[in-house]
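We just call them A, B and C in the order they show up, numbering each chain from 1.
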Amino acid sequence: MLFFWVIFFLGKVFDPYNQGQLSVVLMFFIGILSITFLTGLSGQISLGQGALMAVGGYACALGVLNFGFNYWQSIIFSVLASLVAGLILGITAARLTGPYLAGTTLVIALAIPSLANRFESVFGGDVGLSVDFGNPPQWLVNATGEIGFEQWQLFATLPFASVALFVALNLIKSRTGRSWRAVRDHEIAASLTGINVQRMKIFTFVVASGFAGLAGAMYGLRGIVGPSVYPISLSLSLLTGAVLGGLRSVEGAFIGSVIVVFLPDLIEKVTGNWQLAPQIGNFLPAMVSSLLLILTVVLNPAGVAGAIHHRRSRHK
Amino acid sequence: MDQLLSAIFAGTSRGAIYALVALGIVLVWRGAGVINFAQMGQAMFSTYVASNLIMHGTSYWVAFVVALIVGTVLGAAVDLLVMRPLSGKRSSAMMASPAMRGTIPVIASLGILGLLQSAAGMIWAAEERGFPTPVNSLGLSINGNVMPFTAFDIFVIGVVLFTLFVTTIFFQKTGMGLAMRASALNPEVARLSGIRTSSVRTLSWAISGAASSLAGLLVTPSANLSPNTLDLVLIIGFTATVIGGLDSLPGGVIGGFILGLVISFINVYDSPSDVFLAILAFLLLVLLVRPQGLLGSKEVRRV
Amino acid sequence: MLKIENLVTEYGAVKALDGVSFTAVQGKITTVIGANGAGKSTLLRTISGLERAKSGTISWADNSLIGKAPESIVRTGIAHVPEGHAVISQLTVAENIEMGALFRRRKHRTDVKQAIEEVYELFPRLAERNKQLAGSLSGGERQMLAISRALVSRPQLLLLDEPSLGLAPLVVEQIIQTVNDLCRKSGLTVLLVEQNANTALAVADYGVLLSLGKVVANLPAAELKADASLRAAYLGY
């Protein structure tokens, strides 16, 4: 709950650009949570979460355009669609481990955008489909005053993010969460205690896909749903955010999303006056985040959240 | 008929390159237990170096050798600078579970890939460049008939077959090759036999680096050079190893050739945009029937 | 001469070796016996560098082995034949043997060839099967192969871990006798870990009895064999 009001407050206080950024943070947060579940808590690697976001995005767009849902309904529709996609993905992939899994998810990640191109009439090909959040409802405007476009984006995303956070925290604490950790740490032992490993893995995929789809739907509602909106680097960004922030916790997911979204801005601010050649400037954010990723993995694999936990437990 | 032949040759020539990439991936996988996603980034980087040299007047062959050296060095560097420190972290909580132990180096390699790509972008900007070939890349004419393949195709296939031949001899007949095989199969017994497994591991990385540079040099002429061009090659090469069985060198090679042919046929008889769907379908088919790949060995699980 | 003082090796919170001290006399067979879990294998693994000692000293020919990597320790003349998976199944017999001598090839090319020939003479069965994959050998042959791999490195100290494990008594007899002969003829120092105390004490010169990581007795083998109370308490018969 606290989360909700803090962001709401920030939303009123920030300028429009940062409001937009903050809403993207929330979207990435949800997307990164899918990695937290899959990789951090359950030990399976997927390089295709970006593609799952695309599934969500497309489902949402289709919902709005073809089925005439309003955006609330579309988002729910897209979550359902991604749950199904996750089920299919899970059944296919749960038998695989390690690199076989990574490879398969990677190819799937590339195949899904191809699908979009294949059925151009439905999916709008390269250009994609345009959707957006629409206008804020009147009662809200009456309550809080005029709401700008980015601000509305933020406010619209916020409830979903809060719900996602709530669900995530509860899942982790529940028996499901414990089962995940058991599967991650020692599969054979886990199966000996009666956990159906296969089903657990599939379930993880389904849940993770649901989150990814939700993130993707909202990501798409910023304006366009198309292959260029969900490139392969999106999956990489999600993974980077998860690792940098902390693979194993919800806080880590949030910190990670903040880092990933605001890093380019931060770099710009720092180097803005340095008169860098465009070719350097263009690649600087990518280089910095790659370096951070490598350093984090080598020096502090638990990410920022892990470091904080570590320090807290040392001071007890 | 001509179309068929042309598809077969193009497929074999591309397949040869994928086989080379697969070779590099399997080498590092067996030698170090890591999937090196940065591999084609290394290739891209060394090809850029070569391209730069050629643009300043160096001969193709000199640049070729330099690129191979750069690739080898990059490979060794990745092991020494990143992978070794990583394995030193065995004791931290993150690395405790076997699932994570495999995942974390993979994430590191993704980071290295990003690093190499952005570095290349910074040094050479992202404009696409062409890359020359040492032999004619247009249709080959023998006795006045135009053949459905080019001299370059022959060159590629020849170079790759030669490399595979040399590699096989190295692994089967030399002491160092034996040391590498032993270290990959059973590091403990290898160490007890006096084999310096960590040096051997670095050598695997270095050789893999050389192989991927070679693949980069061979594939670039037909696809322009930019920081991202080789991504696709990596992905297909990786899929080739998964299909062939990750721990099998011959499997990876065969997988590479198969995929090359499959892609070529899809390109010719269907549409290029279906390529990924076809690869995915093929991949799923193989993994469904044989989850360890065509020639891979079943994992022995110790409880 | 191998001298061990106050050796402590831990697995997490458990002290597998808790202050072990003894000396392995040059050119003699010292056997380490004790019940399961007494720490016998851990002892050998710590000496050969596969496990890291928490504290204590291991000195071999006046050099300390503590903190050294296994591949370096081999080069000081110590060969370890671990229990269980001591050969590489996917390599041939010849390759397994060759593997043991790789590190000497550059400097001692001729001697390496000699060593390999000698090992084939010692175990003719291996010569017959030398192109076969190690995984296709019988248990006894695999043990012979493991010992051969160690012997071609021309060790001065041989660490043998439970050679009798899973083998028929006749085969065990044969192998132990071969090791015994080798020791007497060439002055090889042998540290033999055995579950089967009888077999071990029959050929050994000295016996070290381990229990729960501590040395309970360190005596000439004949005395150890004769001491019924020790046997009953720690070996169960």
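To be clear about the criterion, a residue touches a chain if its C-beta (ideal position, glycine included) is under 8 Å from a C-beta of that chain, and two chains touch if they have at least 3 such contacts.
The structure displayed is predicted, hence computed values, not measured ones.
**Q** To get from chain A to chain C along touching chains, fewest steps?
**A** Minimal hop count between chain A and chain C: 2.
**Q** Give the identifier of the chain nearest to the protein's overall CA centre, each chain being represented by its own CA mean.
**A** That would be B.
**Q** Average the CA atoms of each chain to get its centre, and name the chain whose centre is farthest from that of chain C.
**A** Farthest chain from chain C, going by C-alpha centroids: A.
**Q** With centres defined as the mean C-alpha position, give me the chain A-chain C separation in Å.
**A** Each chain reduced to its C-alpha mean, chain A and chain C end up 55 Å apart.
**Q** Roughly how far is chain A from chain B, centre to centre by C-alpha average, rounded to an integer in Å?
**A** Roughly 31 Å, centre to centre.
**Q** Please compute the C-alpha centroid of chain B, do the same for chain C, then give the distance between them in whole Å.
**A** That pair's centroid distance is 42 Å.
**Q** Once bound in the complex, which stretches of chain A touch chain B?
**A** Interface residues on the chain A side: 39, 43-45, 92, 95-100, 102-104, 106-108, 110-111, 113-115, 117-118, 184-188, 232, 236, 239-240, 243, 247, 279-280, 282-284, 286-287, 289-291, 293-294, 297-298, 301-302, 306.
**Q** Hey, which residues of chain B end up touching chain C in the complex?
**A** 175, 178-179, 181-182, 185-186, 188-197
**Q** Could you please specify the touching residues of chain C with respect to chain B in the complex?
**A** My answer: residues 48-50, 69-71, 74-75, 79-80, 82, 85-88, 90-91, 95, 98-100, 102-105, 149-150, 153.
**Q** Name, in rising order, each residue of chain B that touches chain A in their complex.
**A** Of all residues in chain B, those touching chain A are 29, 35, 82, 85-86, 89, 92-100, 102-108, 110-115, 117-119, 121-122, 125-126, 231, 235, 238-239, 241-242, 246, 273-277, 279-280, 283-284, 287, 291, 293, 301, 303.
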